[in-house]
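Following this message is one structure expressed as structure tokens.
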Amino acid sequence: MSTRMRLAISRPTRGACGKTGSWRVFRPIVDLEKCNSCGICAMFCPDAAISEDLEIDLDFCKGCGICAHECPKKAIRMEREEK
Amino acid sequence: MLTVATGNKAVAAAVKDACPSVVAAYPITPQTEIVEQIAEYVTSGELKSQYIPVESEHSAMAACIGASITGVRTFTATSSHGLHYMHEMVNWAAGARLPIVMANVNRALGPGWNIWAEHTDAFQERDTGWLQVYVGSVQEAYDATLMAFRIAEHESVLLPVMVNLDGFLLSHSMHPLQSVEIRDFIPPIHLPHAIDTANPAGYGTLTGPDQYFRFRWDIERSMRDSVNVIRETEEDFRHRFGREYHPVEEYRCDDADVVVVAMGTLGKEAEVAVDLLRKEGVKAGSMRIRWFRPFPRLDLSGRDVVVIDRDYSFGFGGVIARSLAATEGAKPFSVIAGLGGQEVTYDDIAGFVRDRRPGEEFWFGVMPDV
Amino acid sequence: MYEIRIHSRGGQGGVTAARLLALAAIRDGKYATACPFYGAERRGAPVVSYVRIDDHPIRVYSQIRHPDLVLILDTSVMDVVDVLNGMKPGGRVLVNATDHREMKGFPSFSVDLTGIALRENLVVAGNPILNTAVLGALAKMGIVTMESAKMAIQEMFSDKRNVTAAEAAYAELVA
Amino acid sequence: MTDIPREEYILKCTSACAGCSDSLTLRYVLKAAGPETVLVVPACCTSVIQGIYPQTAMNIPVYNVAFAAAAACASGMSAAFEAAGKKTNVIVYAGDGGTVDIGIQALSGAFERGANFLYICYDNEAYGNTGMQRSGATPAGARTTTTPAGKGQSKKDLDAIVAAHNPPYMATACASYPKDLFSKVQKALSIRGPKFIHVLAPCPPGWRYSSERSIEMGRLAVRSGMWILYEREYGKVTINGPSKAAMIRPIPLEDYLDAQGRFKGICPEAVAMLRSLAERNAKRLKREEEGIC
């Protein structure tokens, strides 16, 4: 690519849309006692904000609550963000 | 080889020689023969292109855009209503900096249905960022199409080029045609921003007001740079193949007191009128504007100017006349003639010159005769 | 500049005749253009084509108003079109007919192109093909050389009967 | 069971609404397609959620193109890749507006020509990007900003239109069944020619339900028979497991409608339209699957 700016070509960037974690109204809290690591939460996270180790990336988690809603063990609860 | 061909066949022959990887086109009178001939070349194997017989002009340009962004050479052709049906994508092609070459067979717009020559169709695309060239003969249709690929693909241009030829007057007229051995006249295409899976990128994502204008400026910068690329290409063409072209073709202008400015076939017919006028003792000359974008400079100082517009911008005036008023401060006798294929002969043109009224506008065939 | 106007009906090959004539003139080393006038006509409607031949490049695109030669491929067109309109003084007329036609004092030549085409079995979709034979007649009238006429025909058509037809018209036309 | 790769091709993260099933769908589409892929995206939610120049969340080439142009652009692109001898997947990823309305001509043309690409329509049943105006894909009774009293007409039968082109492969899917979606994309990309996948994409703000219920909403659609999961390979229909089960023992349609604000106050006529459409579709597909049609 020439250095000349001919057209809008965007480069892949982590955080391209900012830290969407700031959007959250409710924060997912995992109860590790109840979690059986089935991975359904990660499977359904629209933003892939839950890692393979089932760590939730709070920098980007928008707090949609799908993980809590879909968890078969009810191991995730949504709590009001303290701002 | 020297043969006889129509303007349409000449364009198709140039496309065959330039060998684009993808041709996507939709037929429309009077462009149809271009599409048919290319289809024949592809079927016979003379042209190794992917030929996409799209379902509309909008899709023709969209398919060329999709192909071009992968870094291959592309071509399409259209006319009139077809050009305007693809208008959205005509803008897109330039903004996306894709060196697509398109032949446009100039034709009037309905209603009423009229399939004959007029320049208003292409003039309405003048602000899209396309380079536009208008040819005056079948040979020039071939030559200009070849040069269009080289100019469009030049790294300091990377803008699409529209080759315009008058409907029927050129598209269906048969003239001598001498094809060339192009060899390396058109270098292999290299699109610096071609889409590449090894280097992922988002093309045309949301672009804010703080950035958008930069890309618009770069279109204009390339348009200005194209002046030299056009000169260089036409010079190399003359050097290799012996035929000479300039952004404006001047005829007997050196000592002229009055200059006729016209485009396309009318620009050639004007030369015959000039010869006629010279015999009468009128020091006339003619200038045929070939490149309309980028718009050329014309030396009109101290001369009477008669502009023939085969076009009109309603509520404003003849586009060439108004353009020259803006760029050269000219006060031309503005003749509106040839709309919808209206017959305009060299005798008529000589009449415009003899009875010129600088600063006025005259609709030929509508207003009382000059 | 020598200007020829061809009157025919859509589908009779008037346009191809114009092209062949221009090609033959170019093979003679001249400049030539051929230009059909397209209306909204369809097969069977009267059509006009133009051919210009000159020693210099041709820059005229408008229709021919004052022809040096009028070629009539179908005499029935004369009922609806004034084929002699604008005829140049001294202009000539070539008619596809079995008999001589009086053309208001303009020298007129007749040749039975249809008969020649039928004899050579040059018929496509029921229409006799006149456009190759006519080149022989035009060569006889001195518009192009017979050699170039044959060359042009061979470049556009592989079927040898087209040349035979042109030769027949050349022989039959009394110039 | 299909192994779904761990790779993500969307970097954290897009600016899609919380709970967006378009984002979730795209995750699995890209996992199935892999890195040798170009996405063609017409105007739709996906064109605005990637990020703002000069950054994008998409770690795969994306060509954003005008609203009506996606299928034609993709057909040109796949022809160019073919001319260059490249085996790059070309996938159109378009919303319902860009597919059933303004983009239908280009889609039809490209499919008739047998162009080699995969067209995915993610269908949230309205113009979501511009704030939920009705589209041809909006179902009867649904309230949108341009049908404030509920739409009076049925959803356009896009699948029947596509099927009429006899593509080698077409399917429906929903991100509530990600493995099913993943394997359908994989299968589609293994076939040459025009392929089509129609994905139901529940939309929290547009359908007016709270974001955590996106997956549930897709399931309710399938279980009530409002969305039928099936494939049509070379003309042969297979109804997929979840829809097979739903055909035997569907949940009440109201379970699906009552969960969404857009159907609030829906008139009985519209409910009847929805019900009869669902039944007709189920019947037709069943007959097709059995080879009676």
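Order of writing sets the chain letters: A, B, C and D. Residues in each chain are counted from 1.
Note that in this section contacts are C-beta pairs under 8 Å (C-beta built on N, C-alpha and C of every residue); 3 or more make two chains touch, one makes a residue touch a chain.
Note that the coordinates shown come from a computational prediction; the quantities given were computed from them, not determined experimentally.
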Most central chain by CA mean? B
Comparing A-D with B-C, the busier interface by C-beta pairs is A-D
Can you give the whole-Å distance between the Cα centres of subunit B and subunit C? 33
So the centre of each chain is just the mean of its C-alpha atoms; given that, what is the distance between subunit C and subunit D in Å? 63
Centre distance in Å when subunit A and subunit D are each reduced to the mean of their C-alpha atoms: 23
In angstrom, rounded to a whole number, how far apart do the mean CA points of subunit A and subunit C lie? 81
Which subunit A residues touch at least two other chains? 8-12
Where subunit B touches two or more other chains simultaneously, the residues are 200-205, 207, 211
Quick check: what residues of subunit C touch more than one other chain, meaning two or more? none
Which residues of subunit A touch subunit B once you look at their complex with the stated criterion? 1-2, 4-12
Per the touch rule, the subunit C residues reaching subunit B in their complex are 18-19, 22-23, 26, 31-36, 38, 40, 58-63, 65, 155
Along subunit A, where are the residues that touch subunit D in the complex? 8-18, 20, 23, 43-49, 52, 57, 59-60, 62-66, 68-70, 78
Residues on subunit D engaged by subunit B in the complex (per definition of touch): 35-38, 40, 47-48, 50-54, 56, 58-66, 68-84, 86, 88, 105-106, 108-110, 112-113, 115
Spell out the part of subunit B that touches subunit C in their complex, as residue ranges. 2-4, 30, 115, 166, 168-170, 172-176, 265-266, 268-269, 271-272, 343-346
